[in-house]
């Protein structure tokens, strides 16, 4: 059992991280009152942008290019998310539909561009982030091999962002205002907060984080842009609800998904897991999500004004 | 002059804007839009066979579009069409591969089980929504993945003949393809599915506009609280709506896997399921609108290959156009506002001339 | 000019799609005074004040603060100019603490300093005699307390011009009295106040001057001490108004509704309705008086079947409906005029015709074999429309959303009455309506009574209860405080009961 | 099972045509891809490269179309599109085209079809190769054999694994051949390579990149030194994992498939984690057929097999990661296979999976 855990854990984490940062992005958007079904698409955009950046830079600056790529992914996701912000904040669009449109546009346009760039639609980078053991920590019995071995720098970056997000959300005036916009935008407005601006910021953060998520996929386990993030964006959405719109809830939920999917993938090379029917392993994460959603449905912490149009009747 | 643009006009404008964006993209890679669109259109219509293919592509889209639209009318967003398609197709394929009846009976049974399969896959999120208020978007997405793997392993376990990537081919009697149609349309993939789809359109049209069921469903869709307060069973209607939507998706699966294709494809969620959302939105969630939108998309999908064969424009342009159209339908308020501005200008001119209104 | 005005709004105009909410309105607020704004629902008071507070942008007009012309484009500017507002519908975040709500928007530092803020708030609330715990969550405190939070919000932003939009609608007479004291304190501390209210008595009690608005226009500004209530009412409505509804005495018949020890949970999952018992007889109107949020909603929902019943029984004509579905209850003869017409009364996207059969679409003559019978539906709609003179653009075909609030309400009343029920439950039937509509609907309710129906009237407007009811039941914290004959009690007594003080117990 | 052989002996060559062809723009070559893209590190890529090679040499007009899905209807649509656009010489890689080409070859009599990895049939597996069609098979097991042999000889001791995509004939044959190659090395050259059944698996798709990465990681962690990947996108993940480890100084290898994947394995600008690749001359086959067409010797109606005897399979001519000694030993085995003294089985028999 220990061997399996030790085997699966690091890769589970690697798989979890993009999911986590994306769900965290969704958290900001929804805490600000905007549902963002477009996370999937925003991930793809970041995925694409980082691939293009890295391939074009890798020759000149082999190491730096990866980090520039991550940044590019973030920025691209952020810019793209403005489409969603504009639709749902200024134009009172149905946020679910707008998000769906974002997904479709992202999927279509990135492949379209990739194909005109590479002729095929795939973009392969020469090398991504290296993995390393944290010098001393990885020697800690038990925890060492699980948490501090075989880690990517991106993992620690994202975990850092997670803690910062928690602090920003609950300990700063920004967080207070953001949450107010998600719970009762009119109250926020009468307290002199520019709800429109706050919501723009919220959505753009979600875009940046989702973009980063896509980029992390590229520089960690995939190494090639192939036009799809295989539904991770939607999983992130589920994880967000599963994690009850709380940063550490998201941490737990996404890690659960990460492990479940990793186990399902890796089971074939682990005799002990080989005995479980693969079908069960494959559908496990999704079934559990449904169950979790039922369990939490009673005590939902969803932001009150989530998905509702905010309109002061100005103009 | 009307102040409110009606939905149809909005859809048309959105479509126009989508095509415009497509043209710009073509220009951006140094291709000639006029040429591009000409070939796109030709590719979908220039021969009987191509018209046939356009229609057979539309067939599945009509049904997936109906599925999404129907759920919409009850205020539900069914992203689970792909999964429901898979299950419907699977059920039909199992019957087609195992049972041995005279063709009409066999096809009828396949039709029924397809509906049932899809309906079951729709009921589950419906129940979760009605009883536990689980957001149907997330639920249906989960159901999609579950369906993907269920089909994958069921087919591999029971329906594989030699190839690992799809089920065994259905016998001719268990396919919706009929010789005279195939002949008539010069060997296109058009099949009985279109009839099914058209009947479904009429059926749904009647349900929504003429029956008490439709009245209930729409009431729930527009204002859940009011419906409840006036004695309408909201949960029941939500479940019912998802069930019917699922059934329609199941039919889409039938037409796709036993009509368009001749076997069960595994390992992928059928894209038609997601295109259904676009079809429904562009068709403003009305049966006839869906019909027209589906045919329009049918042309795009059938024509894009020919276009990219004749020019350097990648076929992905089609999906890009569709996606952008949806964005503009979602943001129709923008169009509305522009329209109002235009009116204001006109008005102020008139008033300036001393006219009143 | 010698008068030193702190705020002047000159020739203000504000249009909304369809309505001119403010039409060339001018008001002037003196330093240290309480200026009342009087006007019917929809007259434009809230809009005017929202403009002053920077929530709405004015289309035309000038605003001067302390003589200087200013552009108030958002609440921040209003705050900086020392203008604060207590909104008609409280603007508080339910799951934030008092402190968080108050500092929201002016936290003063990137990293929150909750402790310091709480201290300041504590002191303020002591200074003005509004004792409140800064660390309570809004969802856990009473409406009266929430209003004090709103006041503290202004004081914390040290506003010296305070706007109150219908502050008393949700308070008991006693709480109202408290509030009036607080206002006096505030003015004596040099603050200036604009008070929006429908209630002339309150104006008489505290206001120095009163500006009357009708349909978005200023009718005039008067000194309160030398103007009678009747005069102000006349200015407000544009004609002499009869305060009393004329009606014969009731001739109560057999018991129609019997509520027996009914208990139900509220949304916080605690008992919102406790062993509540009440009888309503044929031919009488029983009015349920109580401060908002004391179990009225729970009672109505339990009666109509919208809310699960914990214990107790409900009978209509002796038939036990405790476990029945909403529809069964309708069919047994309960009709319900819901509190929120937009949320519960109508399907706004449906035609008026469709809305008229919302309860009956499924049975003949409106439906045959599951198919709708459109001619019958139109006929029925037209009947209701003519009987209850529901005014609309395209008759039964016009979308419900396009009707004015008053006509929407008439349509609902029409639908419910035309279903010829034994019991009519009317919740806030005249809310947000102008006097014309109010009089009309009151007449109809009396008619129901006189035609031998049982009517249960739930309203927050004490006047409405006193005017219409034959018996008055008072509810407080989900319990029946007392049931009294309308002609044997008075506002004061009922007010005390609303505060939970039983008859005889007292002072 | 040696069908007709072409006259070209060298592995992945560019034959010098005896006559210089001008621009035959009237000769348009089209391709319809299977599920993968034309850079899928697999047969789509191989086919396309062959076509491009020919295009350079003979100045042809080329075009590929990627169907929306993998149904016969979608394949036929794209073939129709190519045909109507004047591309009447159409190459289709993958057995999934079998029934499609059966339809197409009669539907478009004046088009020519190259079907790689399969033969046309109506669904009953009875070959019907029309005069305008050539069907080409490859002896993947032999390619796998050489790769296995090379791997064993280079590593000498240690453990190897295999990751396949879906369990389709071509992939299986690669796998079985690879195992035979390892075994042969262990017997004849005394290498001590371990093959653990747990490490010979089919991921079940050609697309799950994350899965590929995690499976490879799992195997490497369990002490596997080299993994033979015949899995398209899944292989991409595996290669990526190996690169990451190599950068970290680990000594791990991937054995490529179909085409020479050396370049895909380069992680630091110079070194690659691709030990060698089990190549099948898809590109060459495509090239040869186009060449034959230009010569007017299109072998219509035939079923060809590309194997060692006609240099249709093998390992790359350049193998920076193999010692010369290893290469010579492999070439020796190559001759013996051609001579028939070594027989590489194309059935599972007693082999793993």
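For clarity, chains are labelled A, B, C and D in written order, and residue numbers in each chain start from 1.
Definition applied: contacts are C-beta pairs under 8 Å (C-beta built on N, C-alpha and C of every residue); 3 or more make two chains touch, one makes a residue touch a chain.
Remember, it's a predicted structure, so these values are computed and weren't measured experimentally.
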item	value
Centroid-based (C-alpha) most distant chain relative to subunit A	C
Rounded Å distance between subunit B and subunit C, as computed from the means of their C-alpha atoms	46
Between subunit C and subunit D, centroid-to-centroid distance (C-alpha), Å	78
Subunit B and subunit D, separation of their C-alpha mean positions in angstrom	38
Averaged-CA centre spacing for the pair subunit C and subunit A, given as whole angstrom	45
Overlap residues in subunit A, where contacts from two or more other chains coincide	121, 278
Where subunit B touches two or more other chains, by residue	152
Contacts with two or more other chains, residues of subunit D listed in rising order	66, 204, 207
Complete list of chain pairs which touch one another	A-B, A-C, A-D, B-C, B-D
In the complex with subunit D, residue positions of subunit B that touch it	43, 49-50, 53, 56, 152, 162-166, 169, 187, 189, 260-263, 265, 267-268, 270-271, 301-302, 305-306, 308-310, 315
Contact footprint of subunit A on subunit D as seen in their complex	37-40, 66, 161, 198-199, 201, 203-204, 207-211, 213-215, 217-219, 221-222, 233, 236-237, 239-241, 243-245, 247-248, 264, 266-269
Interface residues, subunit A side, partner subunit B - complex	37, 83, 86-87, 91-94, 96-98, 100-102, 104-105, 107-109, 111-112, 115-116, 121, 231, 234, 237-238, 241, 277-279, 282-283, 286-287, 289-290, 293-294, 297-298, 300
Contacting residues of subunit C [partner subunit A, same complex]	16, 53, 55-57, 74-76, 78-79, 85, 87, 91-96, 100-101, 103-112, 153
Touching residues (chain side subunit A, partner subunit D) in the complex	7, 11, 15, 62, 118-122, 124, 126-132, 221-224, 226, 230, 261-262, 265-266, 268-271, 274, 278
